[in-house]
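Presented sequentially are two complexes of chain A, the first with chain B as partner and the second with chain C.
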Partner chain A sequence: MDFFRMGDSEVAPFIAFLASMNREERGRLISDPSFCLFLFRLFSPSTQSLILSLIWDSTQLIRIDERIEPDISCVTLLEQLDIVLQNGVNNTKILNPIFRRGYLSGALEGSHRSSRFVPINSEKDIDKKKKKDKDVVKKSNERWECLLRFLALPSESTVQNVSSTTRDVLNHAGFTSGHGTDIEITSKGFQFLLLSPVKQIWSYMIELLKMETREGRSVKELLDVLLRMALCIHSEPENKKYEVDNSWTERQCNFVTHLRELGLIFIRKRKDGFFYLTPNLANLCLANHDDSLTKKSGSIIVETNFRVYAYTSSSLQLAILSSFTCMTYRFHDMSVGILTRDSVRKALQVGITANQIISFLKTNCHPESLSTSLPIPITVSDQIRLWEDERKRLIYQEAALYSSFESEKVSWIKYICII
Partner chain B sequence: MTSLAVLVDGSACAWGAFAEAKREKPGMEKEVLTRAFRSIVTFSNVHLSLAQSNQLLLYAYGNGMSKKLLYDSVRSDNPDSSSCIIKGIRGALRENSTSGDARKCGVLAATLATAICQIRKAATLGTNKSEETISGQKGRIVIISLLPDFGSQHSLLMNLFFSAHKHDICIDVVSLGGSSALLQQAADITAGVFQVIHKIEDLPRILMTRCLPVSIRDSTSFTTVDYRAACVCHEKLVSNGWTCSVCLAVLCSFMAICPSCGAVFKITVPRRKRKRPTEVGAAPSPRP
Partner chain C sequence: ILIRMVNVKKGLMVTCDPAMKQLLIHLDETRALGSKFIVKELDDTHIFVDKEIQEVLDNKLDDLMEAMNPENTDK
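== the complex of A and B ==
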């Protein structure tokens, strides 16, 4: 159940997925410069520093006994990924020469060139472009919303907006249960909705890759396209368009169409022969530790009296909000709810954690409350945590009870049992 | 997000002399330069590969340069960083070589000031967006210098180093042209690293292991820093000198009018002492 741990664990979900792959396939991925560059970005700063010192300082060898604690966890992680290898002699470890070569050639070429996509420069219609750019961002967000809406409120109309692949992935991931028209969201699915956009896109991608692996297909082809696209991400990615590669296999083409459906890339018409990258794809380049950078302002205000105001008409947001608040009023562009013990406990019972609730409220904060020092009153966040702790008051442990002894002499056994 | 500004010495003359000094055998000068520039490109790319939001600013400093900022990874239209950096450096050197200026000292101050401003700007923009104060270092400046001498810019640069320190910007110096007291001070003031490169092969290693935000830094990189001030009149390093009471300018010899602020000193100096500066030399020419 790595999904539950994902929120607080330090390791990016993609790295965890990579560690679970089989060795041969991982080896093939590591030899690719663009993959090395991408992977390097996801590591924590201490791991990056370790790798850099290993690459450039040939005298550096890892001797486990000389290392301090945080370093050891980095080394074990790198060992799981086959980036650090056991040297055999005198308990030292060395950097995988394949990774070293891959990373170095990637670093020399730069991330954009190693992605091997050809950008198209269109100078002539700049005014038109400006207008289109807004379009790209809006449309890509709409696409991703479609998926979330389908997940939150499965119904006839929302089913039409998502493809069968998406439905399969969500079903395989355990986010939805049931088949055909009879689909329902599970508690795991609700947790998915509460994640930040970065984690949402990542966990969806991981589930997609897991599904492919489970069906016995290699994910290298897909990762190849995805990661190379992610490397192209630049500031304002929606301003650039790239040529569609004609050498893509059919499977890769299908995957690209799927990415288009998710709103990660944007293709105006298929025969145009070029695609745009969207800001949603940029989320894939962010490791867990710089999650906060993508903060977008939302529409929720939380007051100290536990009232929640949501200035939105989005049925998706309201559906999520009503999973842990008690809705009192609903107007056409604004709704009011109260966080009560019962409503929060209802959410906690289906497996949603207090941290997830708080982080959802935080990420969807109204700009007005963002400008204050504490977007969510400390009393409210503390109380939600206390409600969670309430449920953890009892600790269950295996025990055995011996009773109905015939003789008084062995009554001391009882005594021990009570202790 | 971290901004890194790389300041490369843009003096074509100095690069030529450097290539000649470091080549393995005659005719190999080009190799040396390629190696040096390749290291700079790799270093920049490694910085960009640390995180998606990282920013890279490449500057060249030198005489007769119309454009100081050669590459900005955030604002540039061309996403291909490698070719932009190489083209930028090449263009800067070409421009410098045709400028006809043969002064043998670096002109760092203006470029350094722009770099500090840009980093500050990026840092404030970043904090507004994420509503979180970035703790610790706001940005870094890496100076790749060839000429150890900075001529008349001594006091300007000192002021810049202090302001960089005030804004939590760390200055690392990689000197290819021998030790420089001034740049050593820069690194010491801003808690950066000062490294002299003797062999060109060492350049990439030093850059990657010492000058990146994730590098492990030890404070014992240099033990003694020459903190002597340079005098305003002759740019000489002095350990004992005269100080103007108005503008705090350091003078190596007594002058009745401060050359920096123009203050007039009406103190009657004992006759013997007034003689001394003229004996040392570099004073007004003797009257016939």
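== the complex of A and C ==
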């Protein structure tokens, strides 16, 4: 699963997904201004500035031989996405004119207008609005947590809270195994639970799109709705109401219902005819590297003596935590565990990496320990990494050995060939 | 005139520290894994082994390291 290997500096998962799509479909997407605008936001700053300079100076050609290294990797990426095209002769490349037009008209219209959603003015009463906002946030978090809880602890009671679409996506993604009532979480699924919320929502969405693609359905319809919603987030104060679009196709309506189930949008009653955007949807506007912006306060304190305190009663958090800690005490609103070599090894053996454990502890840190300079004591994070290293003393590489040369006195480098 | 053919063998090249290499040689000589598996010792930190051995070797090493873990032996 290449998504999990993406470091901070690498491309957003959506861009990687886009690059894997077939050319025609990608071409149709790029012709849409709202899509261009959304895509642009996901690029790294250096790629953005490269695109901008090309957009405003349409005569400018990219001469690869005049470019420096980081620029070249940007250009290669853009070429994979068909945003930069080969210009026939003499090794020059140009910006795709369709993308240029799309981005310009999107940018001139503003992200909100190009989303073409009709906002409804919210209540005049500020107090009432505030209360409602809180409601929306709470409800949307509950919805997303239902999915995670189902994944962490598949049982009859949690199955009721997720739709069959969700179950299909999780199964196709390889996060769960088994069918019907006999569902179990896989090690891939555990890795998913350890991700930060931004990465979770992104990787869920990508898996959903992948599933649609595999079944031969076009993802354009779905992306249309999703990206336009995501564009509204940036331009407006949170939790504004929008009218439900009557021109949606049946498939798009189903997709919207699915988004509602995931807590990405909030619809009070279906016949009301409007929906709210939730902060969870805002996660989709962030590329991977913006993780730090969404810091929520968690409930975990890690001490230098490897003790872990979790001030929570959420069975989900505790289930995740107990996958790599040895739980010792459990009270109704806090639990205590110890990170031991055995408990961490157990997690490592099912394919969870040390970095995933550490980043889980970091993202779910208690505000109290966040205020110190090191939320996770260095002794603990180092030790977890050492436990991981201890398991990989040998590095394997596939190779071919060439032997019985005339002279055996050559150094081994000359007769090994790494495949 | 004797024409010698060059032999080609596919396998795995293992990179490790010198101590691990000695352990591998020991496992090879004592046939602890059922058979010999080292094809060629390249230098202090590289060794060329049979492809099939990887899983068996990994499990064996995990057991050995576990047995040597001070937390267990001190008990």
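The rule is simple: the second predicted complex is superposed on the first by the 378 of 419 C-alpha atoms of A that agree within 3 Å, B and C clash if a C-alpha of one lies under 4 Å from a C-alpha of the other, contacts with A are read in each partner's own complex, and residues count from 1 in each chain.
Heads up, the rule we're going with is that a residue touches a chain if its C-beta (ideal position, glycine included) is under 8 Å from a C-beta of that chain, and two chains touch if they have at least 3 such contacts.
The structure displayed is predicted, hence computed values, not measured ones.
With both structures placed on the common chain, the touch criterion links A:Glu390 to chain C but leaves chain B unconnected.
With both structures placed on the common chain, the touch criterion links A:Arg341 to chain C but leaves chain B unconnected.
By the document's definition of touching, neither partner reaches A:Glu250: not chain B, not chain C.
By the touch criterion stated above, A:Ala399 is placed in contact with chain C alone, chain B being left untouched. After overlaying the two complexes on the shared chain, residue contacts for A:Glu184 are found with neither chain B nor chain C. Common to the chain B and chain C contact sets on chain A is no residue at all.
Listing the residues of chain A that touch chain C in their complex gives 341, 390-391, 393-406, 412, 416, 418-419.
Every residue of chain B that touches chain A in the complex is listed here, in rising order: 1, 38, 41-42, 45-46, 48-53, 73-75, 79-83, 129-132, 204-205, 208-209, 212-216. Taken in their complex, chain A has these residues touching chain B: 37, 40-41, 45-46, 48-49, 52-53, 55-57, 104, 106-113, 119, 232-235, 240, 282, 285-287, 290, 292-293, 295, 370. Partner chain A is touched in their complex by these residues of chain C: 4-17, 20, 39-40, 42-43, 46, 48, 51, 54, 57-58, 61-62, 65, 69, 71.
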